[in-house]
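Common to both upcoming complexes is subunit A, partnered first by subunit B, then by subunit C.
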Partner chain A sequence: MDIVVCIKQVQDPDIPPRDFKVDEEKMMVVPPANVPPVISTFDENAIEAAIQLKEAKGGKITVVTMGGDKAKDSLKKCLAMGCDEAVLLQDPAFDGSDAFGVARALAAAVRKIGKFDILMCGRLSSDWSYGTTPLALAEALNLPSVTQLQKIEARDGGLRCERALEDGVEVVDVSTPCLLTVSNEMNNPRLPSVKGILTASRKQIPLWKAADLGVDAGSVGAGAATLELTKLYKPVFTGQCEFITGETLEEAAENLALRLRADKII
Partner chain B sequence: MDFSLSDEARMLRDLCRGFADRAIRPHAAKWDRECYFPVELFREMGELSLMGLLVPVEYGGTGVGTVAFAAAMEELAAADNSTAACWNAHLTIGSLPILHFGTEEQKRRWLVPLAQGEKLGSCAFTEPGAGSDLSGIETRALRTKEGWKLRGRKIFITNAGTEMSLGPLVLARTGENRFGFFVVPRGTPGFGIGPKAEKLGWRSMDTRELIFDDCLLPADHLLGESDVESIRQATETLAVGRISVAALSLGLARACLDASLAYALERRQFGVPIASFQAIRSKLADMATRLEMARLITMKAAWLHDRDEPYRQEAAMAKLAASELAVDASREAVQIHGGYGYMEGEFPVARYYRDAKVLEIGEGTSEILRVVIAKGLGC
Partner chain C sequence: MAKDVLILAERAEDRLALVSSELCGVGRKLAGETGGALVAVLLGGAGTQELAKGLIALGADKVIAAESNHLKGYTNTLYTQVTDAAVGQVSPSIFLVANTSIGRDVAPRIAFRRGASYAYDCTELSIENGRLAAVRPVFGGSAISHVRSRTEALAVACTRAKAFPLAEVQQGRSGEITSLEVKVESGAVKMSFVETKYVEAEGVRLEDAEIVVSGGRGLGGAENFSYLQALAKVLKAAVGASRAAVDAGWAPTQIQVGQTGKIVGPNLYIAVGISGAMQHMVGAGPSKNIVAINTDPEAPIFQRAKYGVVGDYRKVIPAFTKKCEELLKN
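Let's look at the complex of A and B:
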C-alpha cells in the first residue's frame, strides 16, 4: 500500500503564551527566538497512521511539504520515524500562497510522485486551523475524501474509516486511491529511534520548483491568493471577578442563575 | 568557525528533548521522592536505540560521536539529572571499558546486549579507602587454576543492583602495580550486593555497596588478553566521562535558569514581576552567561575527542566549569524562588539544589580537576 503524506511545518504551538508575538503592521506572526518549528500536530498523527499501515500491509511512504530550508528538518523527522522518501517544494513563486495555491502545488507534486493508494493529511494545521488545504487537494486531484479520522482499516478493494465527530462516530467505506485526513484520536505519534535518525540523515531530500512540477507561477503565490488578510492581532483577554451574594445559599444560587441568564450564558 | 550541530546531532537532541518531555519530566519528582529507579524507562530507551550512543554500529550501538552524545545528555539532564546520570554511567564507564579493552568475543557477549539496551551497564572503581586516588584500591584478583578469585569491597556503585543490570565491571588489583577490569555477572557466587544507599540527591539512582567474598570468575572474565601495568592505562580512555558529567551539569544549570526565568516573570511583588528588579536580573544574566561559556568548552572538548585530538585538558576544564555552575545556579534558583524554592513539590528547584552537589564530586572532584589543569599548564 503506497501512501503519500502532505505535512506542514508550523511554529511550535506549545510555546508559552508570552512568547507568542504578532507584528500587526506587517500582519505576521513573529517566530520566537530559539524555538525551532515543528510538524503540525495532526500531520504527525497522519505520519504515524501511514507508518502503521505500512507496517501492517507493506508499501512505501513519501512525505511532501512546501517551505523554506528549515522545512527539511520536519521531513527528516518523518524519515527517521519510518517514512521512505521525502520531497520539499521550494520556490519563491510559492510565497504567499493561500490554501488553494498550496493545494495546486501539492497536487502537481503528487502527480509527479506517481502511483499511490492513499493521500493523507492532518485534519487541520496547528497554526491557522482552516482545514481547507486537504479538501482543495482532493478536489484538484479528483479524489474521494474522508475527513477527521480516528481509525483506518484496510479491507478488500478499499478502506473502512471511522470519522471522529462531536456527537459520535461515523463509519465510511471508501475506495482507493483516496484522500484521508487524520485526527489526534487516531494514535500517539512515535518518537524516531536513533537508528532511524542515522538512516534519515543519509537520505537526500530533492527540491522541486514550480517549473519541475509544471505549475504555472501565476496559479500559486500571493498573486493567485483568493483570501485576503485584513487584520492580524493578538486578542487581549481581561478577567473580571464578581461575587454573587444572597441572604441564604438558595437566594445566592438563584441570583447566580439570574445573572447567568442575563448574560445569555444559560 | 562553525558552531552548528550536524543534522544528526540536532535530531538526536530533539529526540531526547521530546522523550524527556513525554517520559521523564512528568515523573521526576515522584521518582526522587520514592527513590525509585525507573527500569521501564531504560527499557523504552533501548527500543529507541538510545543505550549505545558511544558504541559502534558493529557492536549494536549507534556510534553518534561525543558532540551529539553531549547534546543528548544535556536534554535528559535538564529533565531529571538523576536518571540522566544513570544513563550516563551505562553509556560511558558501564560500557566503554569493554569496547576499549575487551576481546572480540567479550564484546559480542557483553557489549552488544548493553548497547542494545537489554542490559544496564555499571562500573566499580571507588572503595572505602580509594576515591580520587585509585592507585589505593585494595580489591584484589588472585589467579587460580580455573580463573580468578575476587576479594574486596566497592562503594557508591551506580546501576549494579537493578533487575536490568548486567553486573559491574570491577577494577581490581592483580599484582603489585597491575590492574584489570573484571566482568562480574549478577548471581556469581561470592558477589554480594548491599542495600540501596540513601543520598542527598540523585535519589532515583540505584547506588550500592558491592562485596566480593572470594568471588570465583572464569579466566575469560578479565577484560582483554591480560591485565595492565598501571591504573592510568586502565582508566585513560575514560576521560570522556568528564565531558559527559559536564553535559549533565549543563542540563541541570539550564533547568535552573528555565525555572528561575519562568518564575521571575510570573511572580509579582510590590506590584511588578520580580524579573523587573535589578538584583534578580543580574542573577539570571549571570546564569545565562556562564551556561553559554560552560557549553562552549564542553562542546569543544567533545569536538576534540571526536577528532582524536588531545582533549583531556579541555575535558577537565569543562567538567570544572559546568559542575561549579550547576551548584551556583541551583543555589540562585532556590534564592529566586524564595520560600517556594525551599519547599519540595510545587517547584523543582529544591530537587535541583540537592542533585547539583554531586556534580562537583563525581568523575574528578573540583580540587583534583584543578590539579589536572594546572599540571596541563606545566606546573
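Let's look at the complex of A and C:
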C-alpha cells in the first residue's frame, strides 16, 4: 500500500494567546520569536495514520510539502516518525498562492511521484484553515475522497472507511486510489524514535520547482488567487470576569450557585 | 450577469436541518442585495420533494429537489455530481453551503471545478462593490480575517453554525418546486454508502441544551467526568469536552466542543478544567453566559467568563451541585 501524505508547516498553534501577534498594516501574522514552526496539528494525525497502514500492509510513504527552507525540519520529523521519502516544493512562483493554487502544485507533485494507493491529508490547517486544499487536490486528480476519518480498514480492491459525523459514524466503501483526510479522532501521533531521527538525518530531500512539476506559473501564486485578504486583526473581548470567593472553596461554590440563581441563569 | 443566490439545504432525517434555515436567512439577505432570486437545492431519499415546501416557507423563491434512493446515504461523489448539476442549472452568482460534514465536503470541489472563489467557515457575509465579502476567523479563532472574492464568476461560501440567525417562517408563501433527475452511471461508481451508525446522546443533546457542563485537560482522567455528569443531571444539562479531553481518550469525539467539534450556544456554559484555547472558544463562544472553574487564575478562559471560581473542581463541583439541587427544589 503506497501512500502520499501532504502536510503543511505552521506556526505553533499552542502558543499562549498573549504571544499571538498580528501586523494589521501588512495583514500578516507575526510568528512568535524563538518558537519553531511545527507540522499542522491534523497533518500529524495523517502521518500517523499512514505509518499505521504501512505497518499493517507494507508499502512506501512519501511526504510532500510546499514551503521555505524551514519546512525541511517538518519533513525530517515525518521521516523520523517512519515515512520513507520526502519532497519539498519551493519556488517564488508559489508565493501568495491560495488553497486552490497550493492544490494545483501539490497535484502536479503527486502526478510526478507516480503510483500510489492513498493520498492522505489533515482535515484542516491550524493556521489559515481554508478547509479547501485536500478536496481541491482530489478534484484536480479526479480521485474519490472520504474526509474526517476515524477508522480505515483495507479490503480487496479498496477501503472501508468510518467517517466521524456530528451525531455518529458514517461507513463508506471507497476504491483506491483515493484521497482521505483525518483529524484528531483518528489517532495520537507517535514521537520519533532515536533510531528514526538518525535514519532521517541521512536522507536527502529533493527540491522541486514549478518548472520541474510542469506547473504553469500563472495558475499558482498571488495572481491566481480567487480570494483577496482585505483586513486582519485580533478579536477583542471586553468581558470582565467576576471571581466568586468564599471562606472555603465549598462556600465559593455555594455562592456561585446563589449568584446564578439570583441572575435567573439557573 | 447572474444574480441568483443558490443554497445547499440539508435534511436531518425526516425534517429540514436547522442549518437550512440559517442558509435561507442569509441567502435571502444577499439575494436582496444582488437583486436576484433565492434558490435552494435539497438532496435526499424519499420525502425530499415534500420537505422542499418547507424551504419556500423559509424564504426560497424556488427549490430544486433531487429525490433518489441513491441519495439516502451520503457519498461525496454522487452528492457533488448532483449539487454541481444544480449549480450548472441555476448559474448563480453566489452559492452557499453550511459547515457540516456534507456542505464542507462538497463545496470546495465545485468551487475548484468552476474556477470560483471559496470562503470557508464564514461568520458574516455581505456584498462589497458587487463582490461577495466574508468574515472568517482564522488561526483557530486567534485572528479575524476579512476576505473578498476576486472573480467575476461564481463566489462560493461556507457558513459557520449559529453565526447566522434563523429565517423567519412565512406560512402560505408561494414558490416553485422542480425536481432534478439523478443519474447514476454504474461503471463510474468509486464509492458506496454502507450505513450510518448514530451515537445516541446520554440525556440532553449538546446542540439543544440550555446548559452545558464541559470538561478539559484539567479533569485529569476519564473517571472524573462523573463529577460533571452528576452536575448535568441536576441542571438537566448536556456534557461536553474539550479537544484535549477527547484526545486523551476521556470523552467520545461526538461531545467535543470547538472549532472542529460542535458549536454550542446554551444560556449557561460551565467550563471545568478548560484553559480556554481559542479553538475551544470557537465552539463555546456563542454561549450567553460562561462560568469557569480552573486552578490557574491566569487561564484565558477567565477572559471570556462572566463568573469564575479559582480552585480544585473536586471541591467546587460537588458543593456547587448540592447547592444547585437545593435551589432548584424550591
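Keep in mind that, in the parts below, the second predicted complex is superposed on the first by the 239 of 266 C-alpha atoms of A that agree within 3 Å, B and C clash if a C-alpha of one lies under 4 Å from a C-alpha of the other, contacts with A are read in each partner's own complex, and residues count from 1 in each chain.
The rule we apply is simple: a residue touches a chain if its C-beta (ideal position, glycine included) is under 8 Å from a C-beta of that chain, and two chains touch if they have at least 3 such contacts.
Since the structure is predicted, the reported quantities are computational estimates derived from the model, not experimental observations.
Contact with subunit B, but none with subunit C, is seen for A:198 once the two complexes are overlaid on the shared chain.
When both complexes are overlaid on chain A, the residue A:155 reaches neither subunit B nor subunit C. In the superposed model, A:115 makes contact with neither subunit B nor subunit C. With both structures placed on the common chain, the touch criterion links A:230 to subunit C but leaves subunit B unconnected.
Legend: residue contacts after superposition of the two complexes on their common chain; A:26 is shown touching neither subunit B nor subunit C.
In the superposition on chain A, contact of A:171 is made with subunit C only, not with subunit B.
Of the two partner chains, subunit B is the only one touched by A:80; subunit C is not. With both complexes placed on chain A, subunit A has more residues touched by C than by the other of subunit B and subunit C. Put simply, subunit A uses residues 16 to touch subunit B in one complex and subunit C in the other. Residue ranges of subunit C in contact with subunit A, taken from their complex: 73-77, 100-101, 104-105, 108-109, 111-113, 115-121, 133, 136-151, 158, 190-199, 201, 211, 235, 243, 246-247, 253-254, 259-260, 262, 267-268, 277-279, 289, 291-292, 297, 300, 302-312, 315-320, 323-324, 327-328. Of all residues in subunit A, those touching subunit B in their complex are 16, 18, 36, 73, 76-77, 80, 191-198, 200-201.
On the subunit B side of its complex with subunit A, the touching residues are 6-8, 10-12, 14-15, 18-19, 22, 47-50, 53, 62, 64, 262, 265. Of all residues in subunit A, those touching subunit C in their complex are 13-14, 16-17, 20, 22, 29, 42, 99-100, 103, 123-124, 126-132, 135-136, 138-140, 144-148, 150, 160, 163-175, 178, 183-185, 188, 225-235, 237, 239, 241-245, 248-254, 256-261, 263, 265-266.
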